[in-house]
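Structure below; questions to follow.
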């Protein structure tokens, strides 16, 4: 009685990895995350492309989200084809071969207390 | 002149119950909530399934949201079939037999000031 | 060349007016807001209904949002038919006779620093 | 294998540029942003209109978002036809001639720690 839910094309127009952090590691390191849920019975092949204000997009970053699993992808863990620069604006698209759900979250601990944002991403 | 609004299938791709808190209890205990609104004239039978990065999903957690009522479900109150581990990533689907509206909120008081996130969940 | 954008039925499943505040008044008083945008050439007749966990809904609260104007409605300003209790969970529907756009925001200044949430409301 | 994603008409019902800030400049100056992503192969001609509670809308503010680029537009950088007043409520529509994705973010550093909000904008 698994329910399949989601779409195959997602976008996050906001992106910014803060350059510094405060607080106990690793929980309170500043980071930005694409939380991805795959409710299907198949592994999802996911391609992330990163867009910038002033240069060509980079990617795709290729990921597998296992069947019936969630994965909270940290943008600062994406290394291939190249790491995403910190302290600079970017945006992303997240394209999957099966339906997924994507939510965008940032923990910003640059000041002594942490700030959090989260929003459902744009899908179609 | 009650207006029926909502959908039957919802997903929250972000999930994380912080492991510790600061501030006066009970208002400022760290917690994560699925706020559910049932505008219909019928009680809603709701099933929540929890997805993880590295194990099979658990659930369904079965709830009733009364007709023309809202219920702000704390994920740390879900106990049957088993409690959700703290300090670990998860995601959820929320399936109802009548239209509902779901919004996701977290209060994180791990540092001395609280941080809040909230977003409408994904529906279809 | 005014663009009409929006829908007539909206819901906010999360609702909670914090009971206390910190910081300079009036900007940093804890409050919860439904930001409503009316891009049409007609005044919008808007009806807000408030739902609770444990009692019948109250409302409608009747408002007019002027043509081509925005109004950031504070839930603690709603008085007729009755004020919304502080420190308790609620949810709301916002129904208009012309298309509008609704966004939900809370400023929580219960601890010495403020926390903010905002999300687009659910529409259909 | 570029994926085109987005819509041409967007609205942000919440708008407020905080009047003061704390923390190291320029990163932690209070600001409000419309993050715009253009995944298409064409430059996007974008028109922003600003709505108020008590006066006629102003605009359009005309912008170009380059093909395959993102731009994080700060509302306090909009100067023509006139700057947006600080410390006052507003709302906005963002209309493009090609599909775009819009996300709304505010950094509020009025108290000694910063608060952040972000939400996908409303699209149709």
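The first chain written gets the first letter, and so on, giving A, B, C and D; residue counts start at 1 in each chain.
Here is the rule we use: contacts are C-beta pairs under 8 Å (C-beta built on N, C-alpha and C of every residue); 3 or more make two chains touch, one makes a residue touch a chain.
All figures in this text were calculated on a predicted structure; none of them were measured in a lab.
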Superposing the Cα trace of chain A on that of its twin chain B calls for a rotation in degrees, to the nearest 5, of 90
Quick one: compare the interface residues of chain A with those of chain D and tell me same or different, with half as the dividing line. different
Could you state the distance in Å from the CA-based centre of chain C to that of chain D? 21
Rounded Å distance between chain B and chain D, as computed from the means of their C-alpha atoms: 30
Sites on chain A at which at least two other chains make contact: 112-113, 115-120
Inside the complex, what are the residues of chain B that reach chain A? 9-16, 18-19, 49, 51-54, 56-57, 60, 87, 89-91, 93, 95, 104, 106, 108, 110-113, 115-122, 124
The residues of chain A that touch chain B in their complex are 1-3, 5-7, 23, 27-28, 33, 35-37, 39, 68-72, 101-103, 105, 109, 112-120, 123
